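Here subunit A shows up in two complexes: once beside subunit B, once beside subunit C.
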Partner chain A sequence: MIGTDVKPSVAPGVRLGGVSFVWRPWLAFVTCLLAAAAFLVFCLSIGVGDFPIGLPRVIATILGRGEHVDEFVVMDLRMPRALAGLVVGIALGVSGAITQSIARNPLASPDTLGITWGAGAVAVFGVTVSGGAAAAAVDSVGLSAAALAGGLCTGLLVYFLAWRRGIDGFRLILIGISVSAVMEAITTWLLATADIRDVAQAQAWLVGSLDNRSWDEVRVALWGTLVLLAVVTCVAFQFKPMHLGDDIAAGLGVRYSAVRAVLLLCAVLLAGLAVSAAGPVAFVALVAPQVAMRLARCPTPPMTASGLVGALLLTGSDLVARTALPVSVPVGVVTAAIGGPFLVHLLVRANRR
Partner chain B sequence: MGTTAVERPAATATTPLRRRRVGGLVALVVILVITAAVSLAVGARALSPAEVWHGLFAAADSDQRLTEIRLIVQTVRVPRTVLAIVAGIALGVGGALIQGYTRNPVADTGLLGVNSGASFTVVSVIALFGLSNPFQYVWFAFLGAGAAGVVVFGLASIGRGAGNPLTLALAGQGVTVFLAAMTTAVALSDRKSLNALRFWNAGSLAGVGFDVIWPVTAFIAVGLVLALATLPAVNLLNLGEDVARGLGVNIAWSRTVGIAAITLLAGAATAACGPIAFLGLMVAHVARYLTGPDYRWLVPYAGLLGAVVLLVCDIVGRLVVRPGELDAGVLVALLGAPFFAALVWRGKFKNA
Partner chain C sequence: MVAHSITGIKTEAGDASRLAARGVTVGYGARTVIDDLHVAIPPGVITTIIGPNGCGKSTLLRTLSRLLKPAKGTVVLDGEDIAGLRTRDVAKKLGLLPQSPVAPEGLTVSDLVARGRHPHQSWLRQWSSDDAAVVERALAMTGVSDLAERPVDTLSGGQRQRVWISLTLAQGTDLLLLDEPTTFLDLAHAIDVLDLVNDLHESGCTVVMVLHDLNLATRYSDNLVVMRQGSVLAQGHPRDVITTELLHEAFGLRAKVIDDPVGDRPLVVPIGRTHVQLAQPATKS
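Coming up: the complex of A and B.
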């Protein structure tokens, strides 16, 4: 390459002490905008209901300067649901961004990696089966924790089954699909043998819903997500070179196997937490990173923006599900209605290339 | 295509191969007959071969015990066995054919969203029109199966992504997730459809009468005739589109006939016994291992294998969780998904 001009990078690097990063003004702007929008929808979602509260009063109450009656409605009744939407959305968005980056495929998501179906199978088991040691174990730890464990085990199973002298995105997805099918078969069988009242409850869980969240459930998801996001942030700087391929990443000093394992574990845990808090909400993890990528004009899914888009999508869908539709439907139906056509769009685009 | 068969000097070398293939076909038929006999005898009440024989052919008589046996054999075991054979052949042939047309080793009627399409229409019509008899909603299942299959097939075969196993699998998965969520939404609002759905969804062969089996068999027969007629063209299509066109295949026409055959086969089987995934995929790969890539042999093998596997799964399902039953569809998935994973692991699905 002697004699050719090296095109200078458009984005300038910034060094602050031991940390260096690339300053992308557009990405920062989009991220701030998304954060503001997510907060706005979050407040709107708190304000809407049988007892409507205006936006300024909601914000005042959240900041701790509201009236007493508002405080009860906002903090005790509506906050868990809205916060669950926010946390689950962020978790799914980040989880999707990680899986799509690792598989190097825009269509990979926790849904295709079997995590959601694994969690679903365990949850349906917990709802429909009573009696026996396994059912007692599910009862003692609670449905959400059991679903989390189910999702985690399935994710790990997929990872180990797909391991053959390293992880290949192609193999990861196809193994994920086959493990999902096993979990789906188990779920179907459980549903077919169960009592009809339990079936309705299990089905409601399976479609993904934010109804009737309590602070206890939300607290677990919130703290878990925060810890995992911290881990992801610490590891993510090693992640960027991996988009260039494993060999180049290794040459740049990235221990790609270790980084990939840690990140994938985080993605599985995030998705598991999200599913345990809200059920398997379809397509958020698939759609959010792709939308974030296009908004931020990045070549790869940006983590923070993906999480924010996920939060925006889920909270917004919940708002639509509660208010705009004639009958109240679970939020999973709305996200599926948005996500399905989006997936078609992605496939058509991918094929055109 | 008969006129293109040119007498070659190597014909003597192919004769043992042909003999072996015919022998394999005969062996499969024998296995199928034995399995069917076992299927008639095994169940909540085990019958001896003599009792089965009696139940099948004896005239009505006053003995209470024998009448009971006749009732069991003729109204429970026979329809179930016939349905397993018919649906197994349909799904096996459909699976082999869809792999031939897409030139895609992961193609399978279950993975392509055919099942979820059928579920969705079944639930919708039950909720909308209050249908309660399977004979009425079977036709809508058929419609939904066909529509979903065509959508996924079309999505995965346009543009340059055509023939990529990953694209097809993901398109199927995406459509399945979408339709499953919609199905749940409808089912949640209507308890009756929820109840019908959960049994139908498990892919059971039990409790389907001849009033449903005969029309479904008629559809499958038409599908089989279409399928067998296109087999030589499928062989040529697998040489690549340009070569096939050069050899005189009308590609658009043979694709259309192929899709019609696949939709008839998979739709009818799904309508009768619910979603059964992985069967077509599994038997198509086994058949290819046995016969090699010649679709004129591969497809009949796949059909017979499909019938045997479905029957065996149904029999095993009756035995493992007594006194209940494990539905055949669930068992096929439990068997087929690890098979699929093993194929992935051994690198059988390299990116086309």
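Coming up: the complex of A and C.
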């Protein structure tokens, strides 16, 4: 046999007590770097404003050792917005990593799977239509919860329509895009027939924004995201063989239908929470996993790194939107403007290599 | 590799089979592909399922590996009904290589083969020194140690198939089910892969595979299962099974069966409509 004398390079393992895992230094390094960068931008974004606070004072305040004046500005006024950016970014990044892994296709993201526009259509319905049982229902639960429900229902609808003795990536994406188009059409129709003042409010919601977040709004997104991330972490181990296809996964003892259903539900809920907290912020869920994959040199989207890239992209874009641009622009516009070229750059560089 | 496990030899019915289908009926939706089929896989030999296109070969293999659930009947693995076992426990006993699997772009050979350890791992224990040793052995046995750091998508078809077999070996089972392991390979690479399968058999594995090529099936297996229209037409050693009558009955193929000049098995020489002079030598002499 060939090559039996050469020692194969199997990834080294790390053991800590009863816990063992594969040691991937580069992935660990990139993840730590991304986490540090996201935290730095998060602190910077808190420091910037009409009453500027220096970075060391922001960090001291977050750690509970700040001055009283700073505490009010940092914790009560600016923290909700910055935290919303972080949480929404992580939720979108992880959601995109899950959908892209399940469909084994980079085109699959909450945007193309109908979740974003489903949530958007329900939210616009809530803003523009008054009277009637449905509008009363939206009013009673609040706009955010209604948007979340809209995203969830559309996501489940796409899943069940795409299900035919299993899930095929292309079929999922095609049905997702079709359902998205219908939801988009409904949104446009609602906007066209609505009162002009409502339209302005709905438009502002539709581009995605972190303006005027309150602690109450952020708290729901924060806890919801934490719970969902815990579920994803538990299931992620069972998901690993599924990158090799359903048959291989089944052969390796994975109940892939159950794992996929749980993860897809988590992805839909994460995206729904994000949309309900910040509106449909474009492009983060699509671009973050792809950027994370290339930075970490992984063949499949790494979950943690994808979430961190999402957080970095969203908080960074929000910071740019508030400081560098002459007019105030919604964050969704900046995420697309920064994320798009960066992904193109990574793809072109990979082609030249 | 764990070899010569005796657990499988004694089953309740007393037949010496590791794996058996008992009266299974399998279909997709309303379409029945396999109807009331009985087959027993003897331990320690290579069993090859052959038959015309669409006769249910792959469906049978998928049913035996629990990928498909039969509508009627049972599949018995080491004396137990496979439907009652946990998926994970099945994966510890039975390795499966499906037809033409695809790896994500950029995944390295060693990472792919390492996934074969999944049934033996848990959320907390994701990688142990045992795992590393088994993966290294699986890479060495299939002769792909040199390629360990290469991305799977940069390899040739033959190398790639060795890597996938290596993944199945890393699973550490002595029962291997291979669905058309030579598809898309040229003859030299097909022989190469089948020699590897024979090595595995000699190291103690029980192998069940589906092959298209009759002569390769005859050469490399000790037990042939010939299927037609969802049922077993004949089963046994190639010398007993491969006859002109059977080939005509199973495939509708006119062929001559001669002695393999380099082996001790029969050789199938098909008779088509062209380029045939010696089809009926009896009439000439």
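As a convention for this text, the second predicted complex is superposed on the first by the 322 of 353 C-alpha atoms of A that agree within 3 Å, B and C clash if a C-alpha of one lies under 4 Å from a C-alpha of the other, contacts with A are read in each partner's own complex, and residues count from 1 in each chain.
As a working rule, contacts are C-beta pairs under 8 Å (C-beta built on N, C-alpha and C of every residue); 3 or more make two chains touch, one makes a residue touch a chain.
Keep in mind it's a predicted model, so treat the numbers as computed, not measured.
J.: Applying the document's definition of touch, where does A:Gly253 land relative to subunit B and subunit C: first, second, both, or neither?
T.: Touch partner of A:Gly253: subunit C, not subunit B.
J.: On subunit A, which partner's contacts cover more residues, subunit B's or subunit C's?
T.: For subunit A, the partner with the higher number of touched residues is B.
J.: Pick one for A:Pro330: touches subunit B only (first), subunit C only (second), both, or neither.
T.: It touches subunit B, and subunit C stays clear.
J.: Which partner does A:Leu191 reach: the first (subunit B), the second (subunit C), both, or neither?
T.: first
J.: Is A:Ala285 touching anything from subunit B or subunit C once the two structures are fitted on A? First, second, both or neither.
T.: A:Ala285 sits against neither subunit B nor subunit C.
J.: With both complexes superposed on chain A, which partner does A:Leu313 reach: first (subunit B), second (subunit C), both or neither?
T.: After superposition on chain A, A:Leu313 lies in contact with neither partner.
J.: Contact-wise, after the overlay, does A:Gly339 reach subunit B, subunit C, both or neither (first, second, both, neither)?
T.: In the superposition, A:Gly339 touches subunit B alone.
J.: In the superposed arrangement, what residues of subunit A touch both subunit B and subunit C?
T.: None.
J.: Which residues of subunit A touch subunit B in the complex?
T.: Contacts found on subunit A: 105, 107, 111-112, 161-162, 164, 170-171, 173-175, 177-182, 184-186, 188-189, 191-193, 196, 199-200, 203-204, 206-208, 282-283, 286, 327, 329-330, 332-333, 335-337, 339-340, 343-344, 347-348, 350-353.
J.: Once bound in the complex, which stretches of subunit C touch subunit A?
T.: It comes out as residues 28-29, 65-67, 86-92, 94-98, 101-108, 110-112, 114-116, 118-119, 121-129, 131-132, 135-136, 139-141, 143-146, 148-149, 151, 167-168, 171, 199.
J.: Mind pulling up the subunit A residues that touch subunit C in the complex?
T.: Touching subunit C from subunit A are residues 1-4, 6-15, 18-22, 104, 165, 234, 237, 240-241, 243-245, 247-248, 250-255, 298-300.
J.: Using the touch definition up top, name the residues of subunit B that touch subunit A in the complex.
T.: Subunit B residues touching subunit A: 106, 110-111, 155-156, 158-162, 165-167, 169-171, 173-175, 177-178, 180-182, 184-185, 187-189, 191, 194-195, 198-199, 201-204, 277-278, 324, 326-327, 329-330, 333-334, 336-338, 340-341, 344-345, 349, 351.
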